[in-house]
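Here's a structure for you.
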Amino acid sequence: MSLTNEIIQQRLTEKFGEQVSEFSTSYGMLQFEAPKEINLKVLNFLYDDAQLGFIFLTDLTGVHYPDQKGRELAVVYHLHNLKENIRLRFKVFTGVDQPDVYTATGLFSSANWMERETYDFYGINFVGHPNLKRILNVDEMDYFPLRKEFPLEDQTRIDKDDEMFGRG
Amino acid sequence: MNQYLIAMDSWYILEKLILIGALIGLSFFIAMYTTLAERKIAGWMQDRMGPNRAGPFGIFQPLADGGKLFFKEEITPTSSNRFLFLLGPALAMIVALITSTVIPWGASYVGETRTVALQVADVDMGILIVFGIVSVGVYGIMIGGWASNNKFSLLAAIRGASQMVSYELPMGLSLIAVLFMTGSLKMSAMVEYQMQHGWNVLYQPLGFLIFFVCALAECNRTPFDLPEAENELNFGYHQEYSSMKLGFYLFAEYINMFVSSAVMATLFFGGYDIPFFDETAWQGSALVLSALTFAVMMAKVSFFLFLFIWIRWTIPRFRYDQLMNLGWKKLIPLALINMLISAALLLFLNK
Amino acid sequence: MPINYYLFLSLALFTIGMVGVLTRRNAIIIFMCIELMLNAVNLLLVAFSKMHYQAALEAGQLATQAGVEGQLFVFFIMVVAAAEVSVGLAIIVMMYRNIHSVDINFLNRLKH
Amino acid sequence: MSEHIKLPEGSIEKTTTTLNLGPTHPATHGVMQNILELDGERIVSADQTIGYIHRAFEKLAERRPLAQITTLTDRLNYCSSPLNNMGWHMTCEKLLGITTPKRVDYLRVIVMELARIADHLICNSIMGVDAGAYTGFLYVMQYRELIYEIYEEICGARLTTNMGRIGGFERNFNDIAFQKLEKFLDEYPKALKEFENMFQRNRIFMDRTMGVGGISAERALNYGFTGPNLRAAGVDYDVRVHAPYSSYQDFEFIIPVGSTGDSYDRWLVREQEMWQSLSIIRQAYQKVQAFTGAEAEVYHADVPEYYLPAKQDVYTKMEALIYHFKIIMGETDIPAGEVYHAVEGGNGELGFYLISDGGRAPYRLHFRRPCFIYYQAFEELVKGAMLSDAIITMSSLNLIAGEMDA
Amino acid sequence: MSIVQILFWVLAVMALFSALMVITSKNPVYSVLWLIVTFFAISGHYILLNAQFLAVVNIIVYAGAIMVLFLFVIMLMNARQEGASGSKRWVTLAGTVSGGIFLLVLVAALKDSELKTRSAMVMDGQVGLIKVLGNELFTRYVIPFEISSILFLSAMVGAVVIGKKD
Amino acid sequence: MSRPVSYNLIQKPLEADISMAPMPDGHQGEGFFATSLDSVIGLARKNSIWPLPFATSCCGIEFMATMGSHYDLARFGSERVGFSPRQCDLLMVMGTIAKKMGPVVKQVYLQMAEPRWVIAVGACASSGGIFDTYSVLQGIDQVVPVDVYVPGCPPRPEAIIDGVLRIQDLVGKESLRRRNSENYKLLLESYGIQ
Amino acid sequence: MQLTQRAKSVDRQPLTWLESIYLWNILKGMAITLRHMFMKKATIQYPEQQRTFSKVFRGLHVLNRDEAGRENCTACGLCAVACPAEAITMEAAERQPGEEQLYREEKYAAKYEINMLRCIFCGLCEEACPKDAIYLSQTFAPANYARKGFIYSKDELLIPHPITDREAYVKALGDRQPPHSTTHTN
């Protein structure tokens, strides 16, 4: 029996009702949203359910939408059912003031570093993460560089001398 | 040994001094050019040219390296022990140089008034002395690695020590079978025995193989170069050394190779014996004979040096525990069996 | 060479070894001092062996084997020393593993 | 005596040694730091630090027009940069709804498989180097040089190729490129065979790699392994088969899988994949040669909005000039939407998660970098192993710092 | 003074000095190194006594194997300095005094022994050569020899058993 | 898209860096010997430059090609690639140096024994290249003095060899006294070394 | 876990006896290395021998002139926009009367600098140029001692003048055809 986007949507709404929302298909991939409180429940359901079996976390990352008040930060999970060869995208949103999301490390070992990276970039606080600290940037960094309000270049940097680049 | 001490005359001392000087010079020269040979042969084996800018075909390359090392800054890590740090390379060098004294480098020059042996000391227990010195050789690595106060160096020192101590055993055992046959520990006697009875390697191929493997291990050459495995330990025990101290370590390694090649040639390949030729039937000048035998010895040594290099650039290295397993679980039993069988055969044939 | 020389040299070495055993606390050093004492004895044994050999020669015996026992004894002592060191060092290493020290004063405790 | 009973403060040191591997250690290709806790030679624990060449690709990508992002993807996994480039172009094509002609697909397959060979070749030969045998590495590196020459003919650069454009290639492959490709197809199998002879059944090498850094299929999946490393653990997951892109469905090839997921399996899987890649290249080359006439000149999709017009037209035709300006200045319409596209990179599933808001540059571009994801399993892989095993494991994982740190 | 005497005194002083350094060095690695020097000096004495075999065996066994083991263990423990304080002063004093007394007693006892007049043969004598020793070892002393090998084996096994973790 | 031109033939003159300038020949009173010793040692050093490849990214891969059979840096006597800073003469920084890495580069430089030279290979190491971002050091000359820059991203092996040749020129000409000179001390001080 | 029908297990057989004694495969490897020792060497001795680069190699930039020797660049700035490294700096100027033999278009680049140290030789500027003005050549950028040696100004980028410096111009063209009369509308 092959799994289709419709079945997944149906199973999800059966289980979570109104809480999962915004179902859509983007370039063939099902995507939906859930409140951040139940992200683990959704992931668990997708993982454990015999029919769904999304046991592979392809990707986990964050997105910053500064214009959406109250839900500025999104955590995007890409899950993959290898047997049925179907992927889905699952998002949870959180406010920038208190960006707490439950960690998925208990379910996927691979989430460990991806969450650390997301924390490093966006400051999303993964509650329950075993070792939530910066991974790519230096520990002393005091901002979250990938948020839209921060410029690409560090404005305070002193190590760049424009004269050296023929722009003086 | 006593007779030497008593029978010393000034000519004798002079002769030995010249011989020692020549040997040291030879060791250095060979070591220098083995480094070049290593680099050239490695290059050729890898479809490259190897160093060829310093002088024609790069023959001044070792001089350039030496010159550079001499004028490089000496760094003694602040936290390391100065004296021990200096002692390490010194020991490595001294020990490497001493070993060559008991090896006969060619047929004795029989002159009208005196006979000049191309050997510094033809002692009764020549091969035992080689062993004694080799067993002390490990201190160079251990002390150097320890004094560097660096964890990589320390690990390398520990590896080197255990490796060299372990591989001395099969080396000695494989040798015993040879000693059964030659019946003497004297190096010159061994060569003479082989001149008459054919090379030992024909009777002791397994013994030679074990000896050769152990020689690789004692010289820290691939596949046993664990103490200086650059990919794991980052040059290991001489990691913290710069300038000529480093040069001493590198040189010592090549001198060790040179000497162990000479020992192998002497023990298993007839030493300075010219193959298919009866030296006693030589009619010409004694000097020419000495020179010829010396050349043959050098040819054999070069072959072994080439073999060392060849192996180095072909095979991967062992892991520490595998190395120990090979030594203790394979080579020692093999050497023992070899020894037993040789002993049994000798007894049987002598009956 | 008068045998007295060797006698007193060995005695001195032996005493040094003994003082080391008495004063040092590091088990390894103490062990090394024991080796030193053994070596002092070895030296004396070899000297005695040669003393007997000389005596035999002077007595006109053509005995090349006179005094050989002394040297054989040294040989056996070396064998025993090697065996002793292997076991002893193994014990020291174990001790270090357990109490993280090679100070013999901590060895007084038989259990943790 | 009682004064001795109590151990003085701090006298119990830890019996383990802390060894700091990297960031300039020779075995950490690129840069990463492993802080190993050693008990003798055994590894008690490992702590990895990465980010030593973090270059903020994702932030940069938010400033760069789609076409310029190839210069970033080039530098992700620099051992196989065309693979990344092609993946990126396909992501853009997916977003823009461009379908590429078959010939472009096949050419891409050739380039991608060449890149895969270059990638695996480096990994496998470096494993040899880390095991102490340098020579085999130089033998096969000569053929990587040949691959680079082919690249150079195609795009003008060796390593960071900036190859391909959205919709196809920047120029048609010239004859020299095909000649060199033929030469490669002809000579490389011999060299690869020789390389295998030097290592594959060499007991020293087998002892060094067998049972080293093994992982079970379940753990591997849980750790997000993909690519050869996952296949070595016995899961035949290959994006080329599961989600065929660029006409991979037209090719016959098998997926080599291992059983234990150890370093030797990884080595064998990579070795087999190189043979498979060679076979794919042969097939693709045949298919490319089958095109004749005008079809043989097709090297890009016919999408004037996104593909730069021919230079001669730009100089002469007004319309082309306008398109040219529009494309370079980024004034063409780009649909808003979210795309995830994955290709089978050198190390596994290389994913591009692109969120476009219709602007000239992506709103958000996230790279799913396989290295980054599976390197976190390193501690589990090497725990209880020896120091040398850690080195071999590290090189068998094919860690590319550029990809890991982005 | 003959060359033999000069050699004897040089070696004797070397042995005594390095032995003293063994027990006074703070750093155990230095102790090991000084002990090696002592062994070399003693080996020198053996050569002087023409006990060639023992001289070489002494170097191989003591300097080449036993001391390597010591150094190895010290490195393994990475014991750079002896514990903070070293020995207590009174322990040192008591040890030295008792050692001195011991030496005194023995010297006094042996000073006037009949041995005084006899001497050991130096630089000559066949007894120390391998041939003689080997002959004896494998004929008259063959049983002790074999027993010693069993002792060795048991020591090896013992060391392995002790050294095994848990 | 064929290109109408093939070569850029204009030789850009080499910028002799003032701080690197050798001392005047025959420095007072030292006479012939000192000068010729200088040149002999210069010759020796020049032919025995042991590189320390600080290869972080793409350029490191091209360095492999440079060491490889086709280009073979070993011809210049530089194949003894060491990763121990104590033993090497030439620090080859290849690839992006992030801010996190900067102190490491400096540390490695400090550990090297005099005389030491630094070559910045590739755009990233020399100037940051395209990575004008918050995390990348804009050129390693921010932390260590650089002797030769090699442009390219990554430079071809030929270009890397070209850089090594420039270093050889520099090494061959260098006075033995340069490392003790005031100029050099000032240079190091400007980087906060010593 | 079997997902497809295409999986095939790798050849991981246990060691045979011959292989387990090490020697056989070591000898095999040694035979290979020995054989390579006598093979032709792959090395290109760079400073003396030079490899020809591909015709599309992306090296140092060249600013093109037309056959009359006029600079093609019109300072439109597309190359600077397309440059991912932001290595191109230019200042535009209006062509004054009397300069028609110098500049082809009404506008020209009064200053045109490329920072070769920043440049990543991606070729996007060449692609972006609508005026046949900037090309990447087959010469790689040489090393230099100081940073300022890498700011290539217009003088160092311009191709030699085809009329006044014909010889150098032909040399710069290499094996390309001398430009036949390309028709330009403006």
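Observations, loosely collected:
For clarity, chains are labelled A, B, C, D, E, F and G in written order, and residue numbers in each chain start from 1.
Operating definition for what follows: a residue touches a chain if its C-beta (ideal position, glycine included) is under 8 Å from a C-beta of that chain, and two chains touch if they have at least 3 such contacts.
What you are looking at is a predicted structure, and each value in this text was computed from that prediction instead of being measured.
Contact with both chain D and chain G is made by A, B, F.
Distance from the centre of chain C peaks at G, each centre being the average of the chain's Cα atoms. Between the Cα centres of chain C and chain D there is a gap of 65 Å.
Taking the mean of the C-alpha atoms as each chain's centre, chain B and chain C sit 33 Å apart. One inter-chain figure worth recording: chain B and chain G are separated by 52 Å, centre to centre, where each centre is the mean of the chain's CA atoms. Centre-to-centre separation between chain A and chain G, using Cα means, comes to 40 Å. Looking at chain A, one finds that residues 82, 85, 136-138, 145, 152, 164-165 touch two or more other chains. Contacts with at least two other chains are made by residues 45-49, 154, 230, 234, 313-315 of chain B. The multi-chain contact residues of chain G, meaning those touching 2 or more other chains, are 1, 3, 26, 29, 32-33, 36, 41-43, 45, 55-56, 84-85, 115, 117-118, 120-122, 127, 132, 136, 147. Looking at the complex, you find that chain D touches chain B at residues 17-20, 25-27, 38, 41, 128-135, 138-139, 142, 198-199, 202, 204-205, 207-208, 386-389, 391.
Across the interface of their complex, chain A is touched by residues 50-51, 54, 56, 58-60, 62-63, 94-95, 219, 221-224, 235, 237, 242-243, 337-340, 342, 349, 351, 353, 355, 363-364, 366, 368, 372-377, 405-406 of chain D. Across the interface of their complex, chain F is touched by residues 39, 43, 46-54, 58, 60-61, 63-68, 71-75, 230, 234-235, 238-243, 246 of chain B.
In the complex of the two chains, the chain F residues touching chain D come out as 1, 54-58, 60-62, 64-65, 68-70, 83, 85, 95-98, 100-101, 104, 108, 130-131, 133-136, 153-154, 156.
Residues of chain E touching chain B in their complex: 3, 27, 29, 33, 36, 47, 50, 52-53, 56-57, 59-60, 63-65, 68-69, 71-72, 75-76, 78, 123-124, 129-130.
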